[in-house]
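What follows is a set of structures to go through.
The two complexes that follow have chain A in common; it is paired with chain B in the first and with chain C in the second.
On to the complex of A and B.
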């Protein structure tokens, strides 16, 4: 290797010493993630007792049942998730591009927070907003009917369309954030270079920009597809009969009919689909991004595991490559025969640039409208002097008054005190889960990037497991796991334990570790190792190097990871739903109860307060950040 | 002559005594006193959604100086699944009749101490000593009602009288996430016993429901009234009181509730204490509190379900409009068409599978 390119130095700087850093997170994941999954697999081969529960009789009939009965729903879940991912990508990529190309840091932050802010309001409330908008007598239908565009209401609510819209809305930030991260890192001089070499915008984009931002795209697609395919809240609130998804069936088997083995088998089937999807994805991506990933691949290739895997893959891919290569040769022959004259080429390129520019301006407008319209309407209707969700009856503040007079939802019989209590529960859970997962996640990220040891690829895989498993599977696996453990403790030691904060936090940490670790890993991989080398040359020991050089450099990554963990934890409904006990109702679980049962305007007022609170919080952090960068 | 004197004296006594009696009871109900030694404890209630008056819980908290954690469930089966997992810490659950016998059969309920529930005398005999819990060892009745069709009068444009009207309606409808009730409608329409344990009959009922499901938009988990009110469906299968709640709330003639002529489910929900309840004593106090005539009447006046509290009815504490409404307190003739759901342990899995398939294949 020559030393002409700085990134070619792939010798790890901190040798095996750092590997212990991976231990706490690994243990946590083994206990609270892998063990529960093993239990799910075991239960999926058992029988249901005559009165529910599990009987240890081995059988495969649960899988036969899933195959016979649940197949149409599995297929539907798959294509709803596919649509959702596709739409998110089409909307999210240009948006991420728009955000990361803003000139000033402030503008970039603002436009990014404009995407994240709706994401900070409760997921359920965002979904509820769509129920209000899409209903047969909802705002969209009412307005369209009034202005005479349609003769009878559009049937959107309780269809697959409604579920797709709701999920695109819910998951768009998952697509935008990783793409934004990779576009932001992208060196735009490469585009200039491409232009200088004669590429127009089109080919510069597809040959240079897109391949280099592909890791972000892949991450985004995975982050959207997986929660989408296992979703149960959105189809529950918007889907009705036609939008029923596999997540609903799993939920019913655990919390409705109590057929645990069947629910377990369904979860395994869902995981199978996700795994198959991921594999196809990896094969495709690996192929199309061979060049930019070669460096990373080289680093890993020494490892036997990876080598074996890539051999298997190569044997699968070679025939496919041959076909695709001949196709692309054919295309380039056609392209050559269609060579345009110089002047037409310039005109064409100008047209592409023009269209691209319009697209780049239109997309953010559409996206921001899409993201903010439901929220604006919620806020507006929180002042509506009518119980109706589609007619304006004048301005009132009575709904806010109700909240402060301890009435929340006049039909739901929830009190404001209960809401405050649930907010406290949420804070206890989110803050604890964020603290634990940030520490453990950062540690494991450091050890994975900086040291080499036996079993590292397995550990990497372990880390991606929580990200690549639908939340509902995690939820029910924890439910089964804690049940089995508590049962055992009671039988053997007479210890009576119950679901509560500990179980919820355990679940939250195990999905958060991965998110933190992935974000921090990305930051670490991005860091120029020369700074550390320099520090060591200047006599700093490892400890000092870490705190004086490495940590300040990765701090933004750690903070981003913590923020992500906090947001995910605060917003989580599914894992909490399956692991909570009595009196640990978090805000999301509280809101779910509220939304299921009422059409009361107080919900709009609560949502408005929540939006306001998160805006203030985000604004404050912006202000603080601005101050520290100014200094 | 002697007879008429006795009659006269009896009448005089009645006239003279009755007001006194009611007065005495008046005092009693105004200050239901909380037993000693409960202050500072926490009671956890697991009840159906929209199923209690606004002030029931706050008043109890004040009277006993305790905290109440109040969680809701959407179906008997969901509640059962939760308790089967091992009671997470509830002191009060509210299962329906057949669910009481299931839970007794699985040792999921604690026997009640009737000495701690003096207000049990207020309950109508009609609802005591029921076959699902003879002697009320484990449960006391809370409220009762029926399953029927709630509909938007303007959108449907005709009077709904039967299940056939629902199945044949050309417009959006909602069904109820209550497997036993829904399948029982299929069974009676096919001429079978609504509590059939015969797998073939259950399968026929299932097919009948699937064949008649093309207009179903959503199978609602006890929120059919909200979906109806929002205008997303024109008709919904729902528990009686939920529909009366929205009729009451809008104060309009837009909605109506009907018990279909083919027959339907009548049910009684009951207060019970699940095993391993952390505060059984406080739970008994709460049960006694709910059976107080005024408290019971307040609940039923608010939720628009029928009250089993005879004392509350005798003392005219229940809204006259509700008492005289045959859709809430059905006439004997309607009562003859109603049936209770029975616990069928051997057919539990058949019902479960049938319902699963109905949920998945309806509309196809």
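On to the complex of A and C.
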């Protein structure tokens, strides 16, 4: 049993005065994250100019409009996101359970890797793969027609169902990973204890396993729900008119002859939904289960916030518990009235056990097929010697050749030079954003772990914000922000600035700082402060202690953070889409343009190249991480 | 014959461990545990005692053999339908439930109404003297309190057999001692069969009515603490329980009850017991240190207040006694331990024994020094011949 005493011992006796390290990152987040959000709020109360843009006339009309006109789509977004979350949970929980109960470490790693790998393939490509599969003449319909299961093609593509399938596919790992983490921490001897006290598998699961893995479940639901409700790419590529979601409405209001204030108001509505989701998360999940150290510290300080928080939590949970209690009471009275003899109870419980076992074996098969089939088929069809998306015509590599000869599709708007150029743009953006965010993120992590100053909890919260806000909101907030700033600069100083690399990088850094800081913070928290004390004891000053001892020890964490930042930056579409200007088309924006056009074999080939590239990148990062943890 | 609560018949447990070496965790164990008995399974770690317990509880399935509880085979019965309950090694209290909810859990699984369950759980908590902790979470309790909760949680189900898997292992020494007496008292009061797994021989001796000693999956000896201590049948049991001197020699002659063993020219008579050995075989003579008496080879031997004999006179007296062994030696090392003094005494080239002499009071005790010539003696019934 660990108590709070180790926490006391881990506190460094000498506290480096490093609070200033938080300043650059804080300023960056204030300017490029908080200020844009404030502007979104402000713009949502303004009027639209005659030729687009905004006029500083205050009004609440935008909200009335959103309420009147967009309500059905808001509701649809909510239930599509709800379905997506529910299906992800139903598929993901057993899968996470399967992974974390593998006996050998290697099997566990492999089965987890099999979930993560598809996830590291570019989101656009993964979504596109479903377009190939679900189309009216797509593979699924063709196969089903051929074997005679259906008489006419199923209309899946460009419906809500297609959007849901695409999003479940896209977000399933978000559900699996946190549940995996909490099931892995779960002490399975508690199941034995429950069995010993007379609980069959069903009761043991619902009364012991599930409540104790609930934090992972709720975290997973939130991680799926937030991007799902604010999704823009999936409904855009798979949804058509019937699958329109809030994200599409927001985007439409910001492109072409859009209505920015309405878009801003819609965005605020979206944020409201997300905030409600986060509130549920905070209320349901005990803080102690996530960060026992911090809670111990909070208790020591007799933090009245913790007390208030737990009171609110109790008031929310009590009615829920009352309902679940009465349900289980009801079930037990039914069971009592049935009065099964012991032999029948044993048979029933054995049946439950077998059903559970079969389910636990079927689920991973279904899940892995679901995760891998689209990618496998996409890669296979990139070698298909036929323009058809559903018939196999032999093997060819001509589509790969076409990419480099400016021939893609019938539209012929493709240019190899443009593709190479976009790749260069991507590299410029990702490398710069990674460098800046790694430095700033490491600095703020150091100051947050190693020093104590006023407003530290607020800063911690600020760090988690970019992670928990829909990408599209961040995208349009930056768009509005730069427009307002550029307008102002032009009017006051006559400076003419435009969207370009700088705006994209600013956006990327503001979401990457958080990821780097979180990764480095974790590494720092695990580090024994005695090393630093030893260095100080041996006469090293603060500066030399940092470079000779601290930095080499946290370097693996910094590298992991940098790699994560680079991957996220390279993979980002939404923020880039709203902050890029003429001539700064990145690879993802370029690919999006292609995917919007049509389904052609050449796009399959480009996708395959991108899948290969990201697989290599992930492989490299795992190799690095493996080496750093083995040390 | 007392009614039997748990019976193991030729139970074998093999763990298929990926590789070809199929280690037998439990190797052909048969034993009977009587109703209302405090039964200890004792052995070093990895001896198969916990596996045996887990098979009784139903967490492991025997590879072959049968387990009967209250006369009925439980072969295909899952743990949740067996009339046994377990106190787990690290208690395995449900961390998300309060103490009361933990104790109520087992009753709710029997569909006992909530009010009754609560009442009975409170009674169980009173039995372990923890009603005041009912609404606390397990992690807010000390190890000793958690242990009591685990006990209450198992006892509230009124099992016919209570299985305890090293329940005191995580407690500090003082608390462990106190809990030993408490557990024993509780067992006598409730009359429930306790099957208690431990690697601590002292714990087993203190509490158990009968002890089964296991090693490497095999059951070596079953008996009362006295039998196990005084009449061990194997060298392992003699060594594992308490401290023992082992003197090796060759079997010279067989007799009843004594056999004669040749050790470096000298002869030792010791109880033959059930050892199957032939004349000429190498055997071991075991003798407990506290059974060995010592006196200085020169000077006087004080027998009581104001009455002493010279060493030679005392020797002559001892030689007259039948079934008494008397040997000369030299003190190698002396350790003063407080309650007694420990002498390591060389009896021959390669023969050394340890004698523990109780300290009565400074006025009475003679403490010998290293190098002193010394005589040792013991009654032959306290020496036992064990198979090598």
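Brief remarks follow.
Basically, the second predicted complex is superposed on the first by the 395 of 631 C-alpha atoms of A that agree within 3 Å, B and C clash if a C-alpha of one lies under 4 Å from a C-alpha of the other, contacts with A are read in each partner's own complex, and residues count from 1 in each chain.
One rule holds for everything that comes next: a residue touches a chain if its C-beta (ideal position, glycine included) is under 8 Å from a C-beta of that chain, and two chains touch if they have at least 3 such contacts.
Quantities reported herein were computed from a predicted structural model and do not represent experimental measurements.
Put chain B and chain C next to each other and count what each touches on chain A; the higher total goes to B. Touch criterion met: A:192 reaches chain C, while chain B stays clear of it. Looking at the shared chain after the overlay, A:557 reaches neither chain B nor chain C. In the superposition on chain A, A:507 makes contact with neither chain B nor chain C.
Once chain A of one complex is fitted onto chain A of the other, the partner contacts of A:441 are absent, as it touches neither chain B nor chain C.
Of the two partner chains placed by the overlay, only chain C lies in contact with A:207; chain B stays clear of it. Legend: residue contacts after superposition of the two complexes on their common chain; A:470 is shown touching neither chain B nor chain C. Of the two partner chains placed around the shared chain by superposition, chain B is the only one that A:48 touches, whereas chain C remains out of contact.
When the two complexes are superposed on chain A, none of the residues of chain A touches both chain B and chain C.
By the touch criterion stated above, chain B contacts chain A in their complex at residues 42, 44, 46, 49-50, 52-54, 57-58, 69-72, 74-75, 77-78, 80-82, 84-86, 88-90, 102, 105-106, 172, 177, 179, 213, 216-219, 221-223, 226, 229-232, 245, 249, 276, 345, 348-349, 352, 355-357, 359-364. By the touch criterion given at the top, residues 48, 50-53, 69-70, 72-73, 135-138, 157-158, 239-242, 244, 249, 252, 254-259, 389, 407, 410-413, 415, 418, 479, 483, 486-487, 496, 498-499, 581-583, 585, 593, 596-599 of chain A touch chain B in their complex.
Within the complex formed with chain C, the chain A residues making contact are 1, 187, 189-190, 192-200, 203, 207-208, 211-212, 329, 332, 335-336, 342, 345-346, 349-350, 353. Considering their complex, residues 57-59, 76-81, 84-86, 88, 90, 92-96, 105-106, 108-111, 114, 139, 143, 146, 153-154, 157 of chain C touch chain A.
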